[in-house]
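Two complexes follow with chain A in common, the first pairing it with chain B and the second with chain C.
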Partner chain A sequence: MLSTCYTFSAYFAIVIFVLGILCKVWKYAITPNPLKISLTPAPTNAAGVILRVILDASLFNSLFKSNKFIWLGGCALHLALLIVVASHIRFFVSPVPELIMLLQTFLQSIGIFIGAIFLAPIGYLFIRRVWVDRIRFVSIFADYFILILLFCIGLSGITMKYFIRPDLVAVKTFIMGLISFSPEPMPTNPIFITHFTLILILLAYFPFSKLIHSVGIFFSPTRNQIDNSREKRHVNPWDR
Partner chain B sequence: MAKEKIEVPKLTGKIEIPRIKPGAALVCEHHKAKEQMLTELGYPSALVENWQEKAIAKMRELLNKYKSLKLYLDVCVRCGACTDKCQFFLGTADPKNTPVGRQELLRKIYRRYFTPAGKLLGGLAGAEDFTEEMLKEWYAYFHQCSQCRRCSLACPYGIDTAEISMAAREIMHSIGLGTKYTDEIILKVFNVGNNLGMQPKAIKSSLDFCVDEMKEAYEEKGITNIDVKIPMDVEGADILLVVPSADFFASPHIESLLGYAKVFHQAGISWTLSSYASEAGNFGMFTGSYDGMKKVASRIGQAVRDLKVKRLVIGECGHAYRIAYNFWNTLTGPFDTLDPKYPVPQHICEFTYDMIKRGAIRLDKSANDEFVVTYHDSCNVARATRMGDMPGGQFEIPRAIIKACCNKFVDMPQETIRENTFCCGGGAGLLTDEMLEIRIKGAMPRMQALKQVVDSHGVNFYVLICAICKAQFTKIFPMYGFPMDMVGGVHQLVSRAIIL
Partner chain C sequence: MNKFMAKIVVLIFALVLLSPFVVNAVRGVMGSSATAIDLVLPESGECVKDKEYMRANHMDILKEARVKTVRDGVRIKDYSLKNCQTCHTNRDEFCDRCHNYVGVKPECFECHHFPTSKERKERCEGN
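The block that comes next holds the complex of A and B.
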């Protein structure tokens, strides 16, 4: 019963996640830019614009210039997310490639550190949100909700790693079963069930939430338009 | 606007982030557009009965027409990086004057009517019904944004609050809610051709008067052979110069107009103004209306064709240059008949700079020796345009001209100039008396920065290239204890220094 329920929920969440994001991307891609609105000084060629967007998406360049505190919190959080996701790859591939194994051993050695760098920035961003009056004023419930959700996912993960270890072989069997469409029984460790449930919620919520900034950043006209209004005529698609 | 006397912020030379005062600026509201103005512009003459429904329908239309709007409503994470960047928040302390606070006013409605989370969870998802109180907030705060884009620079996703303000203004117009100031001016352009509503005859006589005065001034210095002219409607001239109409008439604007005339004269290039395209500004942008903006801009394309000119040059005006630089080609182009060797359109500063480099004009710096000059980067020029070939030319070229015209130049603090510049506090439809309180407070950050260089370097001349900034600062300076005639145009310096 538990297994069937979770197998269905997992597929459901993933389908929502993928379709939801695709819908958004589609919508962003087809909505026209009637006018040139690049924020200058802006690059005057395509290569420059690509670099500008990449720098913003990877190093949070604009944020660095405008607010070092938020930049620090944001960087730490995203970096931690990246490391944590990477350290989960071993559950999704079989056999585990050499490189991942190597990464794994490395992460293992700094394990507790990873837990900390995941939870610390979340706490930091949470406190900042409550502390700074103008940021508290503009915050909505959803902003706190995401932080709490991520925090709980992290906390349950750490608990499994250091305190209540689930049967890792069973976990991997379950996951591989999902991937190969031949469902296996769901491990019954309560912490794992919590961890897994929260992740499904995160996935299904993703496309409808502000997390969509992760794909939106590539479509921002103030950043990705080339500053060449005088050199090349821009035509408004709905006003030809 | 509040009836009591407005308190002018104290100048300390420092820009501090205030503690929030919710609702502090809600009372500052534009006078509403009159029935007959709205009708004439093709909008409903008063708030329509089913305004909610109409507004949502308009929002749906705009969401499908503007990528910026759709995307920017979705991606904000409320990180707060923009919250201390807006001069209107720094001045009023009202958190709904922070860029994200302003955006949220529209975003709440967007969530409520257009997103699954908002429809399902309402307030928990940050959604809100479009109530009358909300509409009141829209009217107040979306008209307190000067579309300066300082927030867009700060935002990790480049979210431009100006795009959102424009959409909100257009939605309000569509249900019969506009501002008197902006609508009146747009109608003047539609009916007469410029923001001041000056008929061609009046422009002509103002220009003649101004040329006569200039000649007299030279004669007093014993120079008698001055034949600088300000030609109008000359068919076949090389250059059509389009200036903000304030340049025909207002002070200190007119001093820059003389500067342009002298540069053209010394360069030996034939040029003309147009009585039909007698306005570079385009308040259509302030209402967010694409069609309005296009109709205003159409006069430019028409004049270019009618006068059979080869080049198009634009005078000192910030939002006008933004529209000219980025939008004219889309709105009233293509300009096939113009000489492709030159940028279309070209900023007067680019033209003058070119003449200086080629040695076509000579300048006597000592003519401006009484001045210690600083330069205000006008927001639209700084963050929405370019001069010359290199990104950032919009900062370098005006400074290069200034330095060629005077011996003493200092910049204000780095975080308040170039792309980080502040708006003057009067842009995008704020330049009206009932908004004086917002204008004074919005100018505060700039005044603090100026105070620093006045104290440290004795700055006594403040130059810029925007008609709105000039009007705003001449009004605001005395309130902060700076003399009004400290404000001038870049070409005012040129005009004084140029050797005829």
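The block that comes next holds the complex of A and C.
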């Protein structure tokens, strides 16, 4: 019963996640750019633009220029998230690749710190949202919800790794069953069920949440336009 | 961006998002439960604690035994790695199967010797 229920909800969430993001990508990709609005100083050739977008997406340059504290928090949060997600790859491939094993050897000793590095900036962003008047004024439910959701996911993950452990083989068998379309029984560890449920909520919510910034950053015209308005005439797409 | 480019971009995103499924399809495990691991279990079927507890928490017991032995000099025979070997004789048929499957690397064997079935066989032939 539990397994059937979760297998169906998992596929449901994955379909919403994938289709939702692809719809957004399509929408962003076909949106016309009537004007050259690259944020100066901007690169004047394509290679420069690619570098700019990569740097902005990985090091958050523009955030660095505006607020050092949030930049530090953001960097810590995203880096920890990257490491955590990378170490989850071992549940999705069998046999586990050498590179992931190597990362895993390193993570086993410092895993709880990575968990802390993930949770601390979320706490900071939450407190900042409640504490600073003008930020509280512009905050809506969704802003708090996503922070709480991510915090709970991190917390349940740490709990599962260090305190109330599920049977890992059963967990991997379940996940592998899902992605190879041959469903296996769901592990009954309550923390695993919590963690998994929260992840499904995150997946289904992702395309409609502010987390879609991870996709949107590649399509923002102020970043991805080449600053060559003098060399090459920019024609408004619907005036052509 | 024109429609053709947009389609390519959507396709790239689709490939990235569906990568877990794509990788498994390429590896040819789709639709089959190629995930079950067959453990060689001892006949007695009784461990120092029950099976469910051992599956999830054996590392705690081993770690506690290590700390007690190294720091306090107290040797708990029941929970020693050597006691595991009395029933689970071969590392590759017991420890390694699950550990490799879920991608967890035990630190035990950096110091301790826990023979694999091959080593055990070679030793027997040597005698």
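In this section, the second predicted complex is superposed on the first by the 240 of 240 C-alpha atoms of A that agree within 3 Å, B and C clash if a C-alpha of one lies under 4 Å from a C-alpha of the other, contacts with A are read in each partner's own complex, and residues count from 1 in each chain.
In this text, contacts are C-beta pairs under 8 Å (C-beta built on N, C-alpha and C of every residue); 3 or more make two chains touch, one makes a residue touch a chain.
Please read all numbers here as calculations on a predicted model, not as lab measurements.
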Next on the checklist: Going by the contact rule stated at the top, is it chain B or chain C that touches a larger number of residues on chain A?
Outcome noted: B
Checklist entry - Regarding the shared-chain residue A:W238, is it in contact with chain B (first), chain C (second), both, or neither? => result first
Next on the checklist: On the A-aligned overlay, A:G123 touches which partner chain: chain B = first, chain C = second, or both, or neither?
Outcome noted: neither
Checklist entry - Given the touch rule stated above, what does A:G177 touch, chain B (first), chain C (second), both, or neither? => result second
Next on the checklist: With both complexes overlaid on chain A, does A:I135 touch chain B (first), chain C (second), both or neither?
Outcome noted: first
Next on the checklist: With both complexes superposed on chain A, which partner does A:D227 reach: first (chain B), second (chain C), both or neither?
Outcome noted: first
Checklist entry - What is the contact status of A:V169 with respect to chain B (first) and chain C (second): first, second, both, or neither? => result second
Next on the checklist: Just to be sure I read the superposition right, which of the two partners does A:P190 touch: chain B = first, chain C = second, or both, or neither?
Outcome noted: neither
Item to check | Which of chain B and chain C A:F17 touches, first, second, both or neither | outcome: second
Checklist entry - Which bits of chain A are touching chain C when the two form their complex? => result 17-18, 21-22, 25-26, 29-30, 90-96, 100-101, 104-105, 108, 165-169, 171-173, 176-177, 179-182, 184, 189, 215
Item to check | chain B-facing residues of chain A, complex | outcome: 24, 27-28, 31-37, 39-44, 56, 60, 62-63, 65-67, 70, 74, 128-129, 132-135, 137-143, 208-210, 212-213, 216-217, 219-223, 227, 229-230, 233-236, 238-239
Item to check | Footprint of chain A on chain B - complex, ascending | outcome: 17, 19-20, 22, 63-68, 70-72, 74-85, 89, 95, 98, 100-101, 104, 115-117, 123-126, 149, 152-160, 163, 290, 294, 325-327, 329-330, 333-334, 343-345, 382-386, 389, 391-392, 394-395, 419
Checklist outcome for this item: Residue positions on chain C within touch of chain A in the complex are 1, 3, 5-6, 9-10, 13-14, 17-18, 20-21, 23-24, 27, 29-37, 52, 55-57, 98, 100-105, 107
